[in-house]
Structures are given as C-alpha cells and as structure tokens.
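I'd like to ask you about the structure that follows.
Labels run A, B, C and D following the written order; every chain starts at residue 1.
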Amino acid sequence: MTRSPHQHHLPATGGRMTVTDDGREVADPALEALYADFASNGLIPLWTEIGNLMPASPAPEARPHVWHWSDLYPLAARAGDLVPVGRGGERRAIAVANPGLAGRPYATPTLWAAIQYLGPRETAPEHRHSQGAFRFVVEGEGVWTVVDGDPVAMRRGDLLLTPGWAFHGHQNVTDRPMAWLDGLDIPLNYQLDAGFFEFGSEKLTDLGTPERSRGERLWGHPGLRPLSGLDARVASPLPAYRWEHTDAALAAQLELEKEGHPGVAGPGHAAVRFSNPTTGADALPTLRTEMHRVAAGAATAVRRTVGSSVWQVFSGSGTARLGEETIKVAQGDLIAVPSWVPFGLRAEDELTAFAFSDAPVYEALYLARTHFEETAS
Amino acid sequence: MTRSPHQHHLPATGGRMTVTDDGREVADPALEALYADFASNGLIPLWTEIGNLMPASPAPEARPHVWHWSDLYPLAARAGDLVPVGRGGERRAIAVANPGLAGRPYATPTLWAAIQYLGPRETAPEHRHSQGAFRFVVEGEGVWTVVDGDPVAMRRGDLLLTPGWAFHGHQNVTDRPMAWLDGLDIPLNYQLDAGFFEFGSEKLTDLGTPERSRGERLWGHPGLRPLSGLDARVASPLPAYRWEHTDAALAAQLELEKEGHPGVAGPGHAAVRFSNPTTGADALPTLRTEMHRVAAGAATAVRRTVGSSVWQVFSGSGTARLGEETIKVAQGDLIAVPSWVPFGLRAEDELTAFAFSDAPVYEALYLARTHFEETAS
Amino acid sequence: MTRSPHQHHLPATGGRMTVTDDGREVADPALEALYADFASNGLIPLWTEIGNLMPASPAPEARPHVWHWSDLYPLAARAGDLVPVGRGGERRAIAVANPGLAGRPYATPTLWAAIQYLGPRETAPEHRHSQGAFRFVVEGEGVWTVVDGDPVAMRRGDLLLTPGWAFHGHQNVTDRPMAWLDGLDIPLNYQLDAGFFEFGSEKLTDLGTPERSRGERLWGHPGLRPLSGLDARVASPLPAYRWEHTDAALAAQLELEKEGHPGVAGPGHAAVRFSNPTTGADALPTLRTEMHRVAAGAATAVRRTVGSSVWQVFSGSGTARLGEETIKVAQGDLIAVPSWVPFGLRAEDELTAFAFSDAPVYEALYLARTHFEETAS
Amino acid sequence: MTRSPHQHHLPATGGRMTVTDDGREVADPALEALYADFASNGLIPLWTEIGNLMPASPAPEARPHVWHWSDLYPLAARAGDLVPVGRGGERRAIAVANPGLAGRPYATPTLWAAIQYLGPRETAPEHRHSQGAFRFVVEGEGVWTVVDGDPVAMRRGDLLLTPGWAFHGHQNVTDRPMAWLDGLDIPLNYQLDAGFFEFGSEKLTDLGTPERSRGERLWGHPGLRPLSGLDARVASPLPAYRWEHTDAALAAQLELEKEGHPGVAGPGHAAVRFSNPTTGADALPTLRTEMHRVAAGAATAVRRTVGSSVWQVFSGSGTARLGEETIKVAQGDLIAVPSWVPFGLRAEDELTAFAFSDAPVYEALYLARTHFEETAS
C-alpha cells in the first residue's frame, strides 16, 4: 500500500530541479538555496509532501496482523515467573506491537492491546489515568478488579470497564494464574498529548470478592435506571457486561433469524454493542466494544472502515479476511485491522469474537466512513 | 387554591368602572361600549384576565384525588358483563375523571389513567394512534398484548409499552378475566390537537403466547444493543419491563443502603425509572414511568413539581401526603397529583408504587421546576 | 369539521341500549345503573368518548380566523384613552380570542396574540413570568422594552424577545402612541399549569434609549460568539432581530433565485427563521418565529401542520388560503391557523408576513407532522 | 520537559537486571531471553514503557515555538518566483515545522499552519479532501477562493472556511501577489489514517469576483436561518467571517467593559469564537477558530490546556508568555503552543490576534482540561 497518489503529478520543482528550454531537467541552485532556507527557518513546503500527507484514501503505516494466543500465553506465563508486578511498572501487561509502527507498543495508531497476567495471590496496585480501559476475559477466573472502590469479578466471557480517571487495581484470590486482554486508547492519548496519570493505593481499597459488583447491582437491570443516577455519564456506570447476558443476546438473534424475524446484523451474523445505559452510546467514549457471533458456515460482510480495530476470537474457529489475505484464526488470537483495510470473518464451526475499535473517535469528529465489499469474505 | 394573585391590584377599569374626582367608582358608559366592541370583534383584554391566566405559581383546576381499586375493579367487572369489547368502542377501558376537570375523562390535564378489563377469551382489536400508551399490571395474568405484531405477555408487576403509532391489540387466552392500568397522554394530545388514529386488524396479527416477546429477546439484555438497532429511537424498543428485574433493582438499592453504600433515591426510598436503552431517556417521549419502594416506616421526600402525575400502589400500605391532606392508600389505589401540589408517600409495611407523569414534556420545553418541602411526609 | 371518525362504529352500549334477540335496541336498566355508578365514582368509559377524544386526524375546536388591523388599532387607541396602564393590570394588551375556544383569550389552543398599546410618555411596569414572549412591530417606533435591565429599541419590522423569567417593562419616550403585536405561550402554560409570575420594579430599571441594546452589541454579529457566552442558552441571547437584517436576508434569497441559485423556501417564496445563535434552534424554546416574503404573483405551498400558528401581514397584500376559504389580507391583519388546517399565502404585490407558531413544542415531543397539498394556494 | 514521572519507580526488571540476595543488580539471562522472545513475537512489555507512554501530565514532544512573519513572507515570495503552482503540488503553501516533531511539517501534533502565496493572475486548481481547512488573511486582498462553486473574496482580517470534502481552488485576479495563513487538521487526519483526497477541476468552476459570496448572502445575517437550510451542518455554512464584523464585536466588548457591563473574556481581554450558526458549535468540527483583542497594557490569563493551538498576531504588538519564556511578537508572527504549556498574551499597544486550535477534538472525546495559572502573563 502506498501513500503517494500524487506522486506522478508533482511539479519538477518538487525534486529541486528546473526544466530548461529544451526540456531537460537540471539542478537549480536558486531552488536549492530556497529549500535550505526553508529548512533553517523551520519550514517545509506542501508540494513535496502532499502525496504522503494527503493520500487519495487512507494509507496506514500500521499493517494488518495476527498474534496467536498460543504464542502470547506462554510468554506471559514466563513473565509471570521472572517479572514482579508492583508499583512503578504497575502491571504485568505485554502489548502487541504492530509491525508497521516502528517499534511502538501499539496494536494500531490509536489502540493498545495487551495480555495481562496475574499470578496466584498477586495484586496489581491501584492507579488512575485519563486513558480509558477495559478487560476482556478469554479464559479463566479468580481475579477481582477494584474500580473506584468497587470489586468486580472477572470471568470468562465478561467485559469489565475501567473508564478514564477511575482508580483501579486487581487481585488474584486463587492459587492459579489468570490472563486476560487489556484494551486501552493509550496511543490516541499519546498522539494527542492528552494523558494524565496518578498513583493510588498500593493495597486494594476493597478486598471483597462479591459475585456481583455494586455497580452491577445498581445498573445491571435491563432498561432500569436508578433515580440516584439520572445524569448522563461519559462512560457506562455498569462495570461488567456478563457473559451469560452477551451469550443469550447473541443466541437470541440467531434464533430469531431461524424463526424468520429480524434481529441479526447480517445473514448468520449476530452482533451486540456494549453500551452506556445513560445515553445509549458506546460503553466508553473513545473505544467501541462489541461481540460478534457467526453461525457455522456463515460469514460477516467484508468492509473497509476509516479507523482501526482489534478482534479477539473467543470461541470456535474460522478464517479472517484481512486485506488481501485470508488467515486461519482460533481461540484467543488477536487480529489488528488498520484503517480502510478490508476485513471480515468466516466461521467453520460457530465462531464468537470480541472486537474493539476507535470508531467513537471518528464518529465524534465526523470522520467516519464505511465501505462494504460486494462479495462476502 | 386560587388563580388570582393579581386580583387586588387590578385597575378599576377591570371592573368597567371609573373613579370620580371624589373617589367614588361609577359605571363608565364609554368603557362599557369599549368592552362591548372588544367582544363583538373577538377580543379580550389582558388586564381583566391576567390574575387567572398568569398566577404567581401554578393554580391547577385539577384536584388531588384518590380512586380506590376496591371501587374500580367491581365496576370494571360489571362492565365486563354488560358491555362487549370490539371495533368502534375499541377497549373496555374506564377512565378516572379528575373532579376539577369539568367532567372530562382526564386524571390530570395531560394524563389519562384507566382500568382496562378483558374477559375470558376476549380480544380487543388492533388499532394505532399517535398517543403514547403503556399498561401496568397490578394483578393477574393471561393476556398478551400484540404490539406491531409482537405478542407480549402481561403479568403482575410488568410494565408494557405501546409507543405512539404502533399497532396493538390484546387477547385473553385464559378462562379468567384480567384487569390492568392503562396510561396514556390522551389529554395532552387532545389539548394540542395532535392526535391521529387508525383502525388495524380486527383479529390479532399474531396469536402466539410466548414467554418473552421478540423485542425482549433482542433488547432485554442489560447494556447490550443489537447491531441491527443502532439508531436512536423516540420510544424504547424494549416492549416489556418485567417485574423480576424491577423488583431486583429496588431490592438491591435498599440492600446497598444497609451496607452503607449509595444507590437509594433517599433514606429508605428506592426508585427506578423505566428508560429507553437507545438514549437513556424516558421509555416513552411524553410519559415518565417509574417504580418506587419505601421501606417500612420510611417516607419519600415531599415535593412540589410543575406537571402532574398518577401513582398506583402496587403492594404494601401506607399514607400519601397529598396537598394539605394525608390519605391512607392500599394496593391498586390510584392517586392523581396535579401540578405544584405537595406529594409524598409514607410506608407502614414496605410499600411499592408505580408512578407515571408528564415530566418529559416539561423538561423538553424547559418548564420543569421542583421544590422540596423541608419536612418529610 | 368533526371529531367523530368512530361514531358509526360505536357499540350499542355506548348509547346505554342493549340489543334484543329480534334486533331491537332497548334501554338496559343494568347499563343505566352501571353508568350512574361510573359517574358517582368519578369514572368515564372510553367507549363512549373515543370518537371525540381520539379522532382520525386533528379536529381542533379552534377555528381558522382573521382579525383585521383596521379593527384592532382603533379599539386599542380607545383603550388608550379609557384604561390606564400600571401595576395590577400590567399591560394595555388586547388579545384576539379564537371564536372556537369558548370565550378564552387564546388565538389558538397554545398561542396568545395581542395588540399592545402604549400612549405618549407611558410606562408599563416590570414583571417576569415563565411564559415566553416576543414583540413584533408592524408600525411605529419610540418605545424601549427593558429586558433584564437592557433597554431595547422597538422599531417597525423588528422582532424583540422576552424569554421566560426575564424581567421586562416598556416605556414610550415620545409624544405619539405606539402599538405592536405581543406573542406569548400563555395558553400552553395555562393548560400545562406551568406558569409562574412575579412583579418587578414599577419604574424601569434602565431609562436609557440607546440605538442598540447591550445584548445586540454582544451577540448581533453573524456567526460570532463572545467567549464570555459559550454556554448553550434555552432562549436566544440576542434581544432584537432588526428589520434591516431580516429584509436583507429575504431580499437576498429572491435575488439568488433570480440568478439561478438555491436559497428560497419555494418558488418565489423567501423565508427566514429567527434562531438562537448558541444552538441554532428556535429563538424561544416554545415559540417559532419566522418572516416570509412572497414575490408578486407567487404563492407559498399549501400545507397542513400539526400545531397552530398566527400570521401577521407586514407589508403588501394578497390572499390567504385558510381551510376551505380564501381571504383577502392586508397590512397588520392577524390570521389564526389551527392544527391540521390547510394554509398558504398568495401575493398580489410583494407580500411580507411575520409568523409565529408552537412548532418547537411538537418537535420536542415528537408529535410534529406536516402534509403538503398537491396544488398551490 | 520529560515524559518519565514513573522512571524512578520502575522495577529492576525493567532494565532486564535482577537483584541478588546481597542487593546487587546483575544481568539475568532468563530475562534477556524473555525480552528477545517478546521482540520476535511482536510484543512490548508495559513496564519498561509506562513512564514514557503514560506521563503524569501531558509531556509533548512538540515544542513551543515562534515563527516571524518577517522571515516567512520573503521566503514565500522567493518560492513565488521559483516554484510554479498547479496540479500535483496543488498549492504554494509552506508549512511551519515544529522543531520537536522530527522534521514533519506539523505546527503541533494535530495542526497544520502554512503561509500560502499566490502570484499575480495565478490560479490554484480545485481539489477536495476530508481534512478541514480555513484561510486567515493577515494582509492584502485580491484573491477569491471558490468553495463548492461559490467565489469568496479574501481580504485583510477575514476568516474563510473550507470544510472537509468541499471542492476548492483559488485565483488571484490582481497584479499583486497575496499571501495568507492556511490552517488545517492534516496531522490529525494523518495520525488517524482518516484522509481522503480527490482532484477537481483544474480551472475554477466560477470565475466571478463578487463582493459577497452566495453563502454570505444566505447565512450572513445575525440570528437568521434560511428556511431552506434548517438541517444541522457539521461545518458552518457561512463561508466568510468578515473583519468588519469581527472588529466591531471585539470593540463592543471593550466598550461594554468601560461602561461597567459584562461581555469581555477577562479584564481588558475581548474575544469571539467563530461559530456554526446551525448548531452554535465551532465553525469547523475539528478546528476551533477565535479572535482575541487585548487592550494596551492589559493581558490575558495564563493557562494550560490539553491540546494545542497556533496564534497569529493580527495587529499591534506585545509579548507572549510561552512556557517558561516571554517572547516579543509582532504582526504576522505565528506561535505554536503545545499541549499543557502555559500561554498568555500581554499587549503593549492594543493587540489583536487570531487563534486556532484542536479544542473541539478534545471536547468531543471528553479529554479536555484547562488550568489557569494564578498570576497573569
């Protein structure tokens, strides 16, 4: 992929050459001097840069990529043996680094995706930051994340929110390690110079291990808002979206389809978005989170979207159409989809996948565009 | 209560009198002629009307009033014996008529409240109207309301929505009659000349009797939105708010209070609002619907609100502070609270009450005001 | 016009009759008793009322009507001679009373329209109310309205705002009387029991007579917001919409049309809406205000709208299509258009008209509907 | 400025060392192997990066910087002699390159600022892009920018908009060159991979040179919206904000201050924001544009804001507080203010300055924060 739709159209001067009367291009000393003076005055002309800066359509440096859980988990486990978790390093989280992004720990230009690993009886201390975060659990249980003092159990299939500027720490109360997916908007905040960070309590502020967090007890009832919580919130006040609900919602869509009723996102394709019950908007203001299920043999539409996403296979198996390639994916695998790269999923046996993206950013800035390919994946 | 804060300030001319030099008021023939000419030209002066038209604070013609379920239900049952239900009359619904509203079938100037009664195996035919509606079930079960083709079971404690312009009919599939509360914004639409009405199928368009409606299967999962339903809706797409959820939400608030955590609306007072998951706003655009629970011995705050409401006791018993009076209320009783009339509930044993109001109208028009009394009910 | 689309469909019981086996309708004593018991318990059945309450389309009691300025002004002038203006009566305002609305001083069920008359050197004292208000000047000048302490000059063609709860009074600083149109949402507030009223200073709080009010100096620059005024306001902070701007805007639309460019509301029909620069919404939250200009020989579309409006001819002459009638109108004439009544204007010579309506109310409540007739007026 | 608030807290493992029992740090071969395996699997641990990635407060790579117009203009003029303008290079625009941003043509991480220079009788061909743009004219006149076919005159003090995806080209109809400031969100779109670009007509689609554009004739009337333009627009439909209005608005604020009335942004500090009349929001969805005036001897507050801005002195002279430095600035000078860097202006003689920033981005994403310093600049 190239960033240079303009490249064949550049005037000769872009190359600091000039054209003689008989048509030859020759180096132009006056131009050379001008470019030198631009440089010494902290200036750069548009005409030499426009092809790269303003491509005909998004030409991301980030590359489509798949990381396999079968590689990630053992590395995280080794880190569990060798690297302590505590104040300073804060978290035993290992980020995927997009191969196009020059060694930065970014899944895409806006999204951070990491496997976080907490050993038996370990605690990750409390802190807060303006970056928004969530945890998604692809396997295991036994950790409670304490968000602004409210302990939230983490179990397979659950999505747990840590909105920006909420204090949070984690503890593993079992004798087994646990690993999960962390998603944040760290790269976005970094590029925007928007991040604030503050240390909190080194010990968790609530050591309780309740089945349901207080936030769920207040907010986890469909369509019901407590009268003590009528203001619109920037982020969802519901700390956990439990697998039993997500699974039931996806199953219901496919059942309704079989019964001949609307409800699915596309043929054989059920999907839900995790939302903020105070506004109906995304659960987090800069991160979209969704769960998709594709019936055995079915496929999602293939689409290009402005903005990037990361997908994690939750169960089942199939293939991902990712740009020009089609790649086999299995449980736990992470897929980075850069801007405007065609993407779709095809299921062999029923495939369920978690997805997160920066779509709310583009929608808020009126930069969103989506294009559906004519043929399915 | 009076509408005349201005009355002592009216200029003498308001009485078509004029004041002579020695201070006597005498009838003024020129004024009499002027008023006669006003009348014949279809004109009315402000200065004689302002006290009534523009009171210092709302001075409703509607009166606070209580209707007892023990009176309502037997009358509805007698109507069940004597009055058929069918096309034309449409519904066997009997409205409460506020004693201050001149014989109109209005609970308040904006709200309609009726007991609807459907005998064994009866059907109420389908129709639709721009007026928004809901059903709240204080006792019984066995009726399915079919809303835009989706059969929705009605059971004790459930709130069922019929948004404006949705076709709907009801059928009782049992051998027992069933009665429930109908709430609508009929008076509002009437005053605004906003209503449209259309007959639909005389037979129900879906005779199914599923446990859960299709709308619930799609939308009844906390915080989860189907990707096929991402547009904001004027009214909630969730057709039913089930008692098990409402009850659990209220119970959780009182438990959290006992544990020392926030969540209740006030001391000993749990409350939830039925909301539209696509926006977080009220479930219906012109009608607020809520459920309140007051712990034994506790009381809600007493408040005046611009706009009116109707309350129905769902379970338990206690007293209602209603203007200057305090009235004993029991299950099924309906309470009309006009604008700016002080209102509160006090529980003897734990009291649960359903409430609906026109509050979204006042909020949308920036006319809302609330004033809390200093002492509890 | 009738409110009874259901009337031929009512079950016989609606008439408290029952049908015998041989098909005769006879009075039914049991039914009679039931209806009596309904009445004594404060109940009214739906089935006898539905035709009136829920018509097939809006069937307003308000009637289309025209009041002629040539009648209004002399009556106002006579009131100027006979009725003092001052505290208590507050204003020498004479309201038009819709002939369908039972003697209430309402132009329509939601709108108040009055001619206000202030004699030479007279002052109308300050007060405030939750009702929103504006003044529109069809002729004359020399009065300043002082709105929250800011003196605002009133001149022919100007629209002056008095948002709800703003203190306001008026003074005539000349030796000539002045009359203008007052528009308010008094009937809406009355029906909703939403009104609050408070007396203010009997003398005006600022006796200045500046060319431009302070509000205009801050807000009267196209597209520019003072940094001290970045919060969204419920009502426009611009106190005056001056005729020079309105006239120029209307003229520009018709010129653009002649040049072949878009801009007009319809062929030969220019129109602007007075808006709140902090939101782009209507200048007042419950009242829409607009100015329309129809080129000589042209006509507006004829449309039915849910909700009502009042039009005042500002200059020129022509005819109004008003329901089934076509009526000649001239400068100053007031036209009441009830809900769902067809309305349009046709110009003989170029006709400019001011219009106000309750449309923001219906839009806020999702009750708005408009239907365009196929043929022009 | 440093990005490493965490640096002293990193666990030893961050350095791939381990600590022996007697307290010495030694290289750990197992850790070395783990880090190598991270690298080969495209992974990066958080604990070595967190200090840089998640600073305690924004620690931008961009640096505060001033470019002087006296340097910029002659270089642009030399480019005018040496570099043709035309299809391919598209514009003779020379961007300021922030010295902290590694040679990229960015004023700040989100903002592009360039001097554009158009020689006598030259034309810059039409194109469009999703990047939003404006022109601000610090001197000269004689160019028309044609935006979606509407020719818009450019004169000293004017702000001209080119919303995203609007076709636009420029022509100089005089015998003198003209230069102006171009502002765009090119860096933001680049980082977000959001940009689309399309060539348009090489010749301008309208060669007219009207005093006022058609957009101004429709939209340039304070508080008036054409009925043909009632939908909310993402960007302002007003193509030009004329100096006469901006100047009058700023002057009025300072006059009101002298008269003892509110209106200024701060003592001696008048300011207006260019806004979208359809929403009241910023004129462009990703770029805030404002004009500020500081009375002789007065100063703005000094503040830190999340997000960056560029200021251009329009007239007068004074000093800029920029981080720890205070810098003398004069007409045309451009000042880059990175995120969270203290900034304020102090006027010697009355100083007027144009400012643009990315503030709407941070507000839309709920990332905005501002902190005012206690002492003035």
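The rule is simple: contacts are C-beta pairs under 8 Å (C-beta built on N, C-alpha and C of every residue); 3 or more make two chains touch, one makes a residue touch a chain.
Keep in mind the model is a prediction, meaning the values are calculated, not measured.
Chemist: When I count C-beta pairs in contact, which pair ends up with more: A-B or A-D?
Modeler: Pair with the higher count of C-beta contacts: A-D.
Chemist: How many Å are there between the centre of chain B and the centre of chain D, using C-alpha atoms for each centre?
Modeler: Measuring from centre to centre gives 52 Å for this pair.
Chemist: Rounded to the nearest whole Å, what is the centre-to-centre distance of chain A and chain D, using the mean of the C-alpha atoms as each centre?
Modeler: 28
Chemist: Between chain A and chain B, what is the separation of their C-alpha centroids in Å?
Modeler: 45
Chemist: Taking each residue of chain C in turn, which ones touch at least two of the other chains?
Modeler: none
Chemist: Go through the chains and record each pair that touches.
Modeler: According to the stated criterion, the contacting chain pairs are A-B, A-D, B-C, C-D.
Chemist: In the complex formed with chain B, which residues of chain A make contact?
Modeler: 214, 217-228, 230, 232, 236, 238, 241, 245-246, 248-249, 252-253, 255-256, 261-265, 271-280, 283, 290
Chemist: Can you check the complex and tell me which residues of chain C touch chain B?
Modeler: 5-6, 8-11, 13-14, 18, 28, 30-31, 34, 37-38, 41-50, 53-60, 62, 65, 67, 71-72, 75, 78-79, 82-84, 86-99, 103-105, 109-110, 114, 129-131, 164, 186, 189-198, 234, 285-286, 306-308, 338-340, 358, 360-362, 364-367, 369
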